[in-house]
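What follows is a set of structures to go through.
Below are two complexes that have chain A in common, paired first with chain B and then with chain C.
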Partner chain A sequence: MEEVDVEPTTTPIPGFDSNQKHLGFVWGPGDILVYETIYKASGGSAGGCPFVHEVRKDEDIYSPILRKLFNESHHIFVGLQRIREDLPSKNKKPQFVSISKNYRSVIRACMEELQQVAVYHNDSLGNTLLSLELIWNLCEVLFIDAAPAGSLVLHLLDWVRLHKADVDEKAREVLASESPAEHQAYWDVVISYVLQGRMDEARQVLVKQAALQPAARVMFKLLDNLLMKMPIFNPGETQTLTEFDVKWRHWREEVDHCLQDQSFASNRHLEDICKILVGDEDVLLEYKELLSTWYHFLVTRLLFSHPTVKPTELHYYAQSSMHMFLDTRSVPEPLDSILLAAFEFDIHQVIKDCSIALNNWWFVGHLTDLLDHCKLLQSHNLHFGSNLREFLLLEYASGLFTHHSLWQLAVDYFDHCPEFGRVYLELQIERVPLDTERKALKVIRICEQRQMTEQVRSICKIMAKKALRNNRLGSALSWSIRAKDAAFATLISERFLQDYCAKGTFSDLDLIDNLGPAMLLSDRLTFLGKYREFHRLYGEKRFSDAAKLLLSLMTAKIAPHSFWMTLLTDALPLLEQKEVIFSADQTHELMFCLEELTSGKSVPTPDKPMQDEDIETTKIELLRLALARNLAMAIVKEGTVEI
Partner chain B sequence: MVSVINTVDTSHEDMIHDAQMDYYGTRLATCSSDRSVKIFDVKNGGQILVADLRGHEGPVWQVAWAHPMYGNILASCSYDRKVIIWKEENGTWDKMYEYTGHDSSVNSVCWGPYDFGLILACGSSDGAISLVTCSGDQQWDIKKISNAHTIGCNAVSWAPSVVPGSLIDQPSGQKPNFIKRFVSGGCDNLVKLWKEEDGQWKEDQKLEAHSDWVRDVGWAPSIGLPTSTIASCSQDGRVFIWTCDDLSGNTWTAKLLHKFNDVVWHVSWSVTGNILAVSGGDNKVTLWKESADGQWACISDVNKGQGAVSSIADGATNEQ
Partner chain C sequence: MEGINAKYVSKKISKTRWRPVSSSSLQQPDIFATGSWDNEDNSISIWSIGENGVSSMDDEFEGDPQLLCEYKHNGDVLDLQFLDQDRIVTASSTGAVTIFRHHHNSQTLSVSKLWERAHHYPCNNAPCTGVVCNSPEIVTVGEDGRIMLFRADQEGVLRTIEKADSSAIHAVTFLRTTEILTVNSIGQLKLWDFRQPGNEPSQILSLTGDRVPLHCVDRHPNQQHIVATGGQDGMLCIWDVRQGNMPISLMEAHTSEMWEVHFHPSNPGHLFSCSEDGSLLHWETSSNTDTPSFLQGGRNTSIISRSAIAPAGGNQSLINAWLTGDSSKGHLETTHMLPSQMLSVNSLDVLGQCLVCGTDGEAIYVNRHVPI
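What follows is the complex of A and B.
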């Protein structure tokens, strides 16, 4: 047994009140059942609890807000799978980045919708989504976009800015006020901008203060100048990283000079800004509240002390930043561990931690799939390699299958799991409740598209049985034909015939008339079809064709013996026509049939009521008479020579 | 990780011994020491009593739903030595067949895969296992394996219908290679595999590893691999996972999943066979999963206890 890194979560079930009882457990097709019971070696017990609880593993599936997330990400997922394998990787990177951004925008759209709905106890969901987007964004920057030194800090800055939107709100508030420079939050805004590397905005706000203090104009101009001149790496330019580094160091020295010169000594705020610009960590930490997170602190640190940081160097800074920022007593949150793992480029750890921390597999499934497409999983030499992707996707899709409409999305996910996707689909799709014909047809179509013939047959049989239970014979028949279920078709044909005998008419004529080759599925069905044809011919007054058919039904043994009496009775009107329809030979055959039938009936059955006997005998007498008369007429007709 | 979404009040007057969802999760069947079998409609979180079936004269141990293609059919087995098969016809449930061929409590019933037709395996305290097959309208054939386990048989479970691996080789359109097999566990501490050959049931394998009565066995659903997997649990507190890699089904290897401190009463596989639930005397149900490198890990504990559980369903919060 493997050692697990974390203790498995224990879920208490409410209501069980005694320590003497055991927990019964049963898998449902979707949910789980638990109930109280006692297991004992021998039978008998006293007293029990009548409750059975239905327990569900994944509540998120049923959240209407997340429905959009599942639907849209499904769309993106399918598009991603279709990207051609043969294109070289470097051409695909922009595509992957774009797909990553699509996923993130779907998360953001959900968050916005949540805010609009503003149901307060969905806050935890909102926070979760926020964290998800944060993590995904970082993964995109570090793994998918894989920014090199120089661009790396810029991307990380963007990342931080995106997730610290309150700065702009505060700034708007300050600038909209009567006297911005005297606003309580004024310096917070300025410093926040500087911490985020947004020098232009910082300068714009600083100008307000400068206007208020004409005496210190020189000082403000100096700072403004420094802020303006701060070198920012531009990956598009021809400037190399080294050149940038030199330029940056120059500038830093200049700022340092100003500090040494005590140029800003008279204004504590300006001096702090200067100290931040040279990357003074102590000062940075004084502004913990404005930074609010250790990773903001990290990025700011990098911006002002090592903007040319290489990806491989990140983890030193990440770890130290976290330690410096967080209270040594506090335990790191799951989010912190995940981000740290990302900074350490330990993709495996990121996925593992996310799997444990999150309630459903959506996030890790889609992210891992994307990373796998970027060929990032293999290069990290995972235990599972690409199996991890499939493992997670199977989990996610299986979870979707319990939902009454989302299960259709799951089908595509299974399609793209080459090893077990198909068999998982086969096992799960049989469990989709076939409430309506339409739903059944939908499920069948999905199965047919994937050549899952066993499942199609099984579903058709189930629908046929259901239709029969509800006395919808026509529907039952068409389902059993589709299922190629000869036995059931026979059963239903019998019912049709019984109904005919009882009522004298057929139901579902359309169906029977248009059976076509399906008629051959079962003998009884063939008979049903042909018998109906006989009636049609009779109706169209094509008497000789009808007669021929009727006879062949008996002689070719298509008709069951039990039905022969009815057939012969049907022959009566044909025999009593003025015109001779049955030829002499045919009449002979009919007589043979009658004899065959009556010889079996020579033994009187004691339990048959007298009336039935009488009716039977009368019928037979009538038939014999009609046949004899017809024979006579036929012989005469055939013997007559037309002159 | 899990939340309670619905609680069905079965109104059973005594201990519940088994509860089973039907194929689609829309109906629930329960059985109890109060000798009744009850069926509820649990669609959309509701509970409507559909049937209260009386016919047993002792505690009813297990219920099992047949495949929906045969209609709505439920089997139940009881201390009264009877196995009753119930069927829903025209909206009402009635006894379809009653089997009284055992001399002692029938402890376990299990329907075979639907491809085999309607066939039910029953394990009894008289040591025998019966195979009850529906051969036509109201016609039932019985095959009995006497002395399958000395002292008594506690559990039976069917193998999936396709011989693992053969699906890959079959050209489409041909009937797959069916071999009827099932596994049983008994008071002789053994797990036995049974195979039907030429219309007769023969003991195929004897798996020894437990040191006390085997209480439950479960054959995992097939996921297309050429491996067969069986779980067994026993009063000795151990749960074993048995695997067989070859198609002929001859070499089985045992892996100890875990040794618990108390009797382990039940094991059951999830629908896709990737999670095993183990119910133990330590009042907990643990869920186990096999990771990609073949190790089994415990992923969750579900246990009884007091305390509030908040279940969130579509935005509403209720505390229980």
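What follows is the complex of A and C.
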């Protein structure tokens, strides 16, 4: 067994005393059912807890705002899967970047909505989303966009700026005040701008100070000049990295020169700015509060000391920044170790740490899928056959399936897991509760589209049984037609026939009269339809047609044996008509049928009550008499020759 | 397809309906109601798409629906109709029929009347699948095969047609003030006349061949005998209930169940249908340029179609187009109105130039510039 990375969290079950009793449990698809067992520790008190508790790990899928996240990201996910495989990966990179940005904008939208709603209580979900967006953004910069040296620092700067939005707020506050230069946060704003590499804004704010101190105008002009001249790598231009490097070093020497000259000695703030521009780490650390995070410190450090850093060198600076910035006594937070793993380009470690830290698989599932599409994950197979991407998506989708409403999204995720997706779907889809016909129709449509005939049949059978229990024979029949279930159609026809035998009339005529080609689904159903037709013909007084139909029902063996007696009894009125309806041949056939029927049940059983016996024998005798008379009349009629 | 943005609402939407605008005013509709389904707590909600009189400078901000009010609903909302400007009738999967009142001043909803077991089996509740109103009368149908007639101001049931159908009735619509048309899950259309006593339909129409369950029905706004239905196989059928018991034309529309079909109320040459396959189609009969001379204007022109009846007169070309329904002749154009790769579109409603629809992806789409 593998080692556990972190201590598992304990969840206390209310009303349960672990000293007295043992807990029993059973795994569900996304939760555990927990109950108290009979086992009693010695001397324990009697009386048990009658409750069964459901312990759920993932509360988030029940949050209404997060549901928007799941739905929108599902849309993006499906779009991503349908990107054509045949394009070379070079052309696909901008597409992947834009998809990554889509995912992030969805996270941001959710975050904003959470902020609007959760004003008063601690917004832990919002903070989690903030961290998720931070991690995703970094992964996009490092892995998907894969910026080379030079642009790397610029992208990282953007990343930091996006997540440190309070600078602009502070700046607005300061500039809106009556005397900006004397505001207490003034220098904070200037230095924050410099730390983020936003030189133009810094210069604009510095101008206010410069106006106040005309005597130090030269000093301010000098700093302004330095800030303006700072070289920024422009990937679009034809300038190569080495040229930029040379320019930058040149500029840095100039700044160093100013420092050595003590040009800014009179103003501590300006001197600090100058030292920052040179990349003086001690000064940077003095402004820990403005930096607030070690990764901000890292990026600033890189900007002013190593702007041409290569991606492969990143991890060294990241580790050292973290050590320098963070208190050695404090425990590293999960977020810090995830970001560090990202800087080390250890994708698997990032995913692993995220999986442990988060309580549902949404984030790792989608991120891994996107990275897999960018061909960044080495496909090493896990112990149970599928690769990492598929494993995470399966876990995510299984979690979705436990939700009463989001199960429909999970279907698409299973579709795009080539190895096990179908099996998972087959097992899960049968367990969706079916309250209304509409929901059953949707589930069946999902199964039919994926050729899951077994599931279709079983769902139709469930719905047909339900309908039958409520005596909705028409609904039951339409379900068996959908499933092409001949056995069930036979069952329903039996019900109809039993009803007829009991009441003497057909119920649900609108159904039987309009069966159409569905009649052919089962023999019994065909018989039912034809039998009803016989009644109709009789009602319309088309006796010869009715007679022919009746006979064919018996001779073609469509009618079940048990029903022959009824059919023959139905033939009685036709035999008793004044006009001869059955021809001699037909009468012979009828007699043959009667004989076949009576020979089967010739021996009277002792447990049959005497009344039934009497009725049976009377009927048979009547039939025999009627048949004989009809035969006589028919022979006479056919033998008669009109002169 | 410009002007369509998704609004995610965290509930699967089963029905959307515009609040009716008075026919005299030329305003576009601005308020619609939605019902949810498949949630532990279902609800009906009222949304607004903002002022239409103000011309917005920035098209992006236009038309994002704002939630005005919401009310808890027991069971899935299987159908929803506006009774009048203030009241909404819903059909629930618990078999209940509810009238909600929308209070404009306080922007709240309250239950005005509730018929709890309108549809039921002997031991259970049966879902009520369709409701249609002609104020103050309300007709509901359900999976129990019953048709119920209520009046909005009376407590009890006005009339029950027991055993109207042996299978589940899926939808209902008014043909005339006293006649309704229902469709069921064995593919039959049944006409019922309330003036006649008894429980028998006055007419039954169905397709020969496979009996495909029908899910939706809508009547042509001007011609009361022309009816469109959609069913499980996604085919659009146009029927003429006066003649024969077969549809006039069959058109392949969708690849799965068609959930709703609507004629445009003021421009009946346009038809809209939405389906389980995630598409919303806009059908347009073109009655310009290419139409042959015998279809252009004039009275007493005969129709070349499968039916042999000449119509009474007026609006020739439009009727002709629906009844011929032959898309190869260029009379019928269809356009998709939503982006692809979507989950099922469960419901749509169209009024004036505005279209609203709701999907299983928990999103509402509003289009305010439907090309009519």
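Criterion: the second predicted complex is superposed on the first by the 498 of 643 C-alpha atoms of A that agree within 3 Å, B and C clash if a C-alpha of one lies under 4 Å from a C-alpha of the other, contacts with A are read in each partner's own complex, and residues count from 1 in each chain.
Quick note on the criterion: a residue touches a chain if its C-beta (ideal position, glycine included) is under 8 Å from a C-beta of that chain, and two chains touch if they have at least 3 such contacts.
Small disclaimer: the values here were computed from a predicted structure and weren't measured.
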{"item": "Residue contacts on chain A - larger count, chain B or chain C", "value": "B"}
{"item": "Chain B versus chain C as contact partner of A:P12, first or second or both or neither", "value": "first"}
{"item": "Touched partner set for A:C501, first chain B, second chain C, both or neither", "value": "neither"}
{"item": "Which of chain B and chain C A:P64 touches, first, second, both or neither", "value": "both"}
{"item": "First (chain B), second (chain C), both or neither touched by A:L212", "value": "neither"}
{"item": "Touching partner for A:A632 - first (chain B), second (chain C), both, neither", "value": "neither"}
{"item": "Partner chain(s) touched by A:A556 [first = chain B, second = chain C, both, neither]", "value": "neither"}
{"item": "Which of chain B and chain C A:F25 touches, first, second, both or neither", "value": "first"}
{"item": "Which superposed partner A:M228 touches (first chain B, second chain C, both, neither)", "value": "neither"}
{"item": "Contact residues of chain A, present in both the chain B and the chain C interface", "value": "64"}
{"item": "Contact set on chain C toward chain A in their complex", "value": "6, 8-12, 37-40, 76, 78, 93, 121-124, 126-127, 129, 143-145, 163, 165-168, 184-186, 188, 190, 201, 204, 206, 208-211, 213, 232, 256-257, 276, 341-344, 360-363"}
{"item": "Interface residues, chain A side, partner chain C - complex", "value": "64-65, 67-68, 71-72, 74-75, 78-79, 82, 404-405, 408-409, 435-439, 441-442, 445, 449, 470-475, 477-478, 481, 507-508, 510-511, 514-518"}
{"item": "Interface residues, chain B side, partner chain A - complex", "value": "1-21, 23-26, 28, 30, 32-33, 42, 45, 58-59, 61, 67-71, 79, 88-90, 105, 114, 172-173, 213, 215, 221-224, 235, 256-258, 263, 265-266, 268-274, 277, 279, 281, 283-287, 291-293, 295-309, 311-315, 317, 320"}
{"item": "Contacting residues of chain A [partner chain B, same complex]", "value": "1-2, 4, 8-17, 19, 21-39, 41, 43-57, 59, 62-64, 119, 121-122, 359, 383-384, 387-388, 391, 394, 398, 402, 420, 422-424, 427-428, 430-434, 451, 453, 458, 461-462, 465, 469"}
